Amino acid sequence: MEIIILPLILSLLAAFTGSKINKTVWGLLSFVSLFAMVYMKQHYGIHNDGVWHNTYDVPWFSNGIHFTLGIDGLTGLMILLTNLLVPIIILSIQTNNQKSLIPLILFMQAALNGVFMAKDGLMFYIFWELALIPIYFICLLYSSKDAFKTTIKFFIYTFIGSLAMLASLIYLYLKTENHSFAYDELLSVQLNYSESIWVGAGFLFAFAVKIPIFPFHSWQANTYTNAPAQGSMLLSGIMLKMGLYGLLRWFMPMAGESIAFFQPIVILLAVIGIIYGAVIAIKQNDLKRLIAFSSLSHVGLIAAGFMTLSAVGIQGGVLQMFVHGINVVALFYIVEIIETHAGSRELSKLGGLAKFNRLFAALYLIVVLGTAAVPLTNGFPGELLLLKSVFDYNTITGVFAGLTIILCAVYMLRMYQFSMLGEGKASLKEIGLMKMIPLLILVALVIFIGVCPQLIIDQISPSIQKIMLEISNSKGVLS
Amino acid sequence: MIGILIVFIGAVLVLFLGLNKPEGGMKTLSSLVLFLAGVLSLLESLSILNFERLSNWAPKNMIDFSKGDLMFVSLLAFVTAAIIAIFPTVEEKGSDRLGLMMLSLTGAFMMIGADHLVMLFLGIEVLSIPLYVLAGSDKHNLRSNEAAIKYFLMGAFSTAIFLLGCAFIYGGSGSLSLSEISLRMSIVGHLSEFPALIKVGVILMSTGLLFKVSAFPFHFWAPDVYEGSPNKVTTFMAVVVKIAGFVAFANYLQAFEALASWYSKWLIILAVCTIIFGNIAAISQKTVKRTLAYSSIAHAGYLLLFLITPMKANMWILFAYSVAYALSTVVLFYFNDKYSTKKEYGFGMFSGLLKNNQSATILMVISLFSIAGIPVTVGFTAKYYLFTSAFEVSPLAVGIALLGSAISIMYYFKAFKPMFESAESNTNEAHASKILFVVYLMVAASIVFGMFPYLFERCF
Amino acid sequence: MLNIFQSLEISHYIYLSCVLFCIGLFGVLFRRNAIILLMCIELMLNAVNLLFAAFSEYMGDKDANGQMFVFFIMVVAAAEAAVGLAILVMVYRNTRKTDVSFLDSLKD
Amino acid sequence: MNSIGLILGLPLAGFLINGIFGKNLPKSIVGWLGTFTVLASFVIALGVFNDLRHAAIPSEGLHFKLFTFLNIENFNVDFSFTLDRLSVMMTLIITGIGSLIHLYSIAYMHEDEGFYKFFAYLNFFIFNMLMLVLGANFLMLFFGWEGVGLCSYLLIGFWYKNAEYGKAARKAFIMNRIGDLGLLMGLFLIFHQYQSLDYSIVLPKMADGSTSQAMLTAISMCLFVGAMGKSAQIPLYTWLPDAMAGPTPVSALIHAATMVTAGVYLVVRCEALFYLSPITNNVILWVGLATSLMAALIGLKQNDIKKVLAYSTVSQLGLMFVALGCGAYTAAMFHLATHAFFKALLFLGSGSVIHAMHHEQDIRQMGGLKSKMPITYITFLIGTLAITGFPFLSGFFSKDEILLAAFDHNKIVYVLSVISATITGLYMFRMFFVTFHGTYRNHHHSFDKVHESPWQMSLPLMILAVLSVLGGLLNLPSYLGHNVSMKLSHWLAPILPMAESHAEMSHNTEFMLVGLVVLLFVLVVLYTRNKYVSKNAVPEEDALTPSTGKVLANKFYVDELYDMVFVKPLELLSSLVDNMIDSKLIGGLIAGVSTLLLAISGLNKKIQNGNIEYYLTFMVLALALFLGFNLFF
């Protein structure tokens, strides 16, 4: 509870104090919720059992619909990601004239924490929507060009998705005896095949739009490109993960009966998305657009890994969620720095920046390598596990998914080459150390996770085991 | 009962006291009276006070306010009070507008409480006739005239149809008292045994009511009349008429519960059509008022879904939805009235609002979210309750309703474009002006009710 | 002579008033002049009155609701007519016309 | 801290120190630090080597587990290392030659402003290479595998200001990545089959013949794809010549001595696997042969001193794979070692020439350098003799081993490999004579500016020269007497459970074959000497080359082919997908929905036209419809 209330209060404070207080203060303040979370982890000892502990539970809409928050390894990791990235995102703000940005981001933090902790169907939906609102306004207010057109498309698209999810949730709710939205109650509902397909489709559509999986991605590129850097970070770094989290926590256990039906479809689409995104990224000129498509390609792999329903795939996917959050935020942060200090983010206008700031070049390179999943960077373990799971699911699919390690190298190195190396047309203004610190933190994580991913795996595996158990209970399709 | 009396007396007072005083003077009085009525009936419905003696004085089989009805009465009283309080008054002498508005509110009360077709009919007429006048109350404005005559002709026409329906039902069932009718019908039991008269009668009567709530095939008056009439009157129409109409509709359909399986399928069709039509037609609208008109049609569609659910137990859902609808609609009409100018009454009126008046922006955003049904506003809560209860009857219809509310984003959020995109030179000077406390109150209410939705269930 | 009236059944009244109602209705649909429209609506209302009276009579003396209703309708119809005519006059003052088909400034 | 940890840790430490603080340290410290870390691990490796000689169980090695890398269900991979006879041999080569090249680089890179970066990268490379050979499971190998690829990317693109170099670096990395994908798939297959990636578990299972033939072939093919990428075999060889964009020491260390031999190491490591899948063996054999011939031919017409060496490297690697294909694993390792010696020597020699010529690489611009730089001349000569198989130099023995194995395996293969060996002689001597004999032909720098390199550069040259001469002692053929014979094969025997099965042939045939090779060698020397020294001929300008020569000079147009078949279509596809499918089709679909809705919405104008008759009529019609439905249906 506290980690939802805290950012909320902060955001209100920020809204009222306006831009009088330096962004750094807010950034540090929003770190506090991280400690709250750590405390909670200790308090509920989540890593020894996979149980989703209730941390807060009061009746809300009616007796059936409670305000329930829970925490376990998975949730813990997601919250860790959120509360780790949000401060960095706040610190990444370059200008001071975007004064409602910080309140919105803090509000977003609260909502996201809610999404990951919600243990009641309706609450999950409500937080899901709440998370949509601030990001919508961030994009609407501070987008570079045709803000309204892009954002309305994004909003309606995701809104339709979440309404579909709501329909599924309501259906399950009505199926429960003593009508209730409680997670476990919803789990216990037994659906027949056709029902489960409808319910599953509802969930899946919502998540597929959010993730996004291949044909549902058309909102993504423009939104990422036009949105302010912070918006892009929030969207790709954390909000994406809502979709994947939902896939794992809500879709699979709830509509497990339908997995057998959806599994091949989703994996196929995801793999198509992997190659599709990578291929498009190869020729992009706008850095943000490039990252957008690369992220489409990466999350496709995660989704595919989840749908293989193998322990390796799911745990690797969760690991990769965390990793991708770090990498993509770091990338957007770098783009932001380049844009503000070199005056452009078009590859055609950039080049030769390396000679101006060696440290920056090195960090940038490490992040690029991390994204390209070079061993001993954080990208590798997750990708290895995911590819393995997909490969075990189906060899051909695995090979196609494997193409990502080639294509990703192609576009990532191209990106680095044309922005940093060469004789260079652009020049890079001096970057303050203060701006480097967040990047340093992220890079440290890139290396650390790359060397010992097992630490994270240990955190999540019990709860993943439990979720897999729930999936297999709802239907014995688990491989 | 107390509500009707107070409002009626108040109306007469306002009419005569303010006969040749400027409207401003009577404004406070009338809104106070309405507020009092609202409070009293609220207390009565919470059975803190009771006015048994008064109620006994009225013939029981004619008009009878259940606790639920009283909630609606107080809601409408409050809303009308707010409308009168926040909308500007006209300069010319004579407070007849306020008086008429209060009179037609009494009509609404009668509709809500009616337990007898005569009373229902009277209620509708007492609601409508002052409204015909009010619609044209801007005498020298042709558009207002046109609105008046259109509303009048179609209203009278639909009344005639309604009455024919009453006659048939009377012939078929041999009674005019709703409770009596429902009793007799429940005895007859089997569908096929009902005389065709009753079915025809129900259809005709429903037509009359569907006209009042502006449901799909009978909605034609709404956009035009809304646009033509003065903003205050439009607001009153959009809120009071619709809510009263639906309560009456619900009450009278309950009498024919034996026919439920028959009429609910027609209602579902109507509801779906209305939702689709209202939402889609609203997309292409240029003026704010017409957009709101069509959105109110769409909302009529959602509310029609309520009529197919087991109504007696769920009246509180109708109430929740009414609250949500009333709060946001009034606020939006208020801003429309405040910022519209002679030449600009499209969405352009909001251009640069964020820059000039942030609090107004926030209020509008919240109301828009509420009317679009986005958490955690009361709009979402009400929609949630409504859809969940309707889902059991017809999932498909609810699915379409959800789709409709997704489409509705397309026109509700139109306002954001001018609001947030920094305005060009000609900024609307009205933006600078302050916003009344009442508006803040209403918006706050729509958040509070959204966060603590169980209030509704508790009250009933 | 007398038996003609005895041979009249309720259905006859229903048909008659329905015919009257439809005459009024079609009048409303096909005439342009507001005053005539008003008259047609009155005709519809009177058809309803007739029906009520008939039903009430048919049910015998145990139920006078119908006749009561008729009076209410008459009263209301009068009020309506008054308001309607007032509005008409107002419109006529502003646009020297009573033809409704010219009033189409309000539209999508 | 045990020895493996030190062997690995020292270069890593060097990398970290140089990488982080190097900018502020004086160049001397940076350079010597880098050198000594590697040298130290070489010394330690020697110690381990000594222990292993007296180890009780010869096939056993040291093991060292650092921590668990991944452990999910049965998928359990440790961060662990092993040091057995094979890997100790590789380690010695890597650290030994590595330390020499570090020493060399101190002088070579002295002017460069990226000095500390260079040494950091070199140390990092050593670390990764060691991880590759020391890893105790396939994943560790893959780590090193990709790590060295990364380092070669960094070092090829070391002079990052030059966009061309950057391009070459990317080409190298991506081509390696293609191989890596194959290797990765191989790993998945291995795990799928054996539920583990540890050598200690997997290799015996491979050997015991329990695995189906198809599976063995699949795995070995996947691994071989990886080897192709790393060891620059057809079709993935084109990156290696371009890789010469990097500084010369890099070419010597990475692209001649160590990294490119990783493929050979992999095959030898999984000897059992490859031994048991003949299909793959044949593929390896022919691919290696084709590569060796093709590269040798191309080498004939190259005028860039480093390009010539690069192609000769490719060709020599091809020979090694021929050996592997023939099942002569020891021969391959032997040639790997000797090749490491003389090719490093040659590269460093060319480096010293380039250094002397102020980074002029075109041999047509050189000539008559022997008088100016005697040490380089002598050492380079030794290197040339060694690679071309001058009797009793290292190359002579190792190449003979391979040729004999080939002869034993398949006569055609033998003939072809002899041809390729001969061609080697041709282009090597051509280059050698054109560079050092004849007259000086450069007009930009005056002849007397040319100078011998400092001792840090010449010392490694000399050491390597000695090694190239004596390298043969590692594994003398049996016909020189059994007592000295087969050191290396004895040493490696425990690692290679499948005994080398080519029957001992009679010494006469061996002598005959050797004699043939020597004869050819003499002919080659005479021909080239006569052409380039006596006639003092100079390779003609590119424009004048005859059509056949043009094809060779343009490397069979393979780069152009790849560009046409892979690169261009991919870029085309990319822009196509982006512009057509993504924006038009999928984006258009979404946009279409909203436009459709708007259009429908516009239709309402027809009905809502402000005319009251319409409204009333529609209402009545609707009503009639309802009534009709309910009364008559």
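Letters A, B, C and D name the chains as they come in the text, with residue numbers starting at 1 for each one.
Convention: a contact is a pair of C-beta atoms (placed from the backbone, for glycine too) under 8 Å apart; a residue touches a chain by one contact, two chains touch by 3 or more.
What you are looking at is a predicted structure, and each value in this text was computed from that prediction instead of being measured.
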| item | value |
| --- | --- |
| Interface with more contacting C-beta pairs, comparing B-D to A-D | A-D |
| Distance between chain centroids, defined by C-alpha means - subunit B, subunit D (Å) | 79 |
| Subunit A-subunit D separation of Cα centroids, rounded to whole Å | 38 |
| Euclidean distance of C-alpha centroids - subunit C vs subunit D, Å | 100 |
| Inter-chain centre distance, subunit B versus subunit C - centres from mean C-alpha coordinates, in Å | 27 |
| Subunit D, residues touching no fewer than two other chains | 604, 608, 610, 612, 616 |
| Where subunit C touches two or more other chains at once, by residue number | 28, 100, 103-108 |
| Where subunit A touches two or more other chains at once, by residue number | none |
| Touching pairs - complete list by chain label | A-B, A-D, B-C, B-D, C-D |
| Complex interface listing, subunit A residues touching subunit D | 153, 157, 215, 217-219, 221, 276, 279-284, 311-312, 315-316, 352, 354-355, 358, 369, 374-376, 381, 384-385, 387-388, 391-392, 398-399, 402-403, 405-406, 409-410, 413-414, 417, 420-424, 452-454, 457, 461 |
| In the complex with subunit C, residue positions of subunit B that touch it | 117-118, 121-122, 125, 129, 132-133, 136, 139-140, 142-143, 145-150, 152-153, 156-157, 159-161, 163-164, 166-168, 170-171, 174-177, 223-225, 227-228, 281, 284-285, 290 |
| For the subunit B and subunit D complex, residues of the former touching the latter | 150, 153-154, 157-158, 161, 196, 199-200, 203-204, 207, 211, 217-218, 220-221, 223-224, 266, 277, 280-284, 407, 410 |
| Complex contact set, residues of subunit A against subunit B | 59-62, 122, 125-126, 129-130, 133, 140-141, 147-148, 152, 155-156, 159-160, 163-164, 166-167, 170-171, 173-174 |
| In the complex with subunit D, residue positions of subunit C that touch it | 25, 28-29, 32, 100-101, 103-108 |
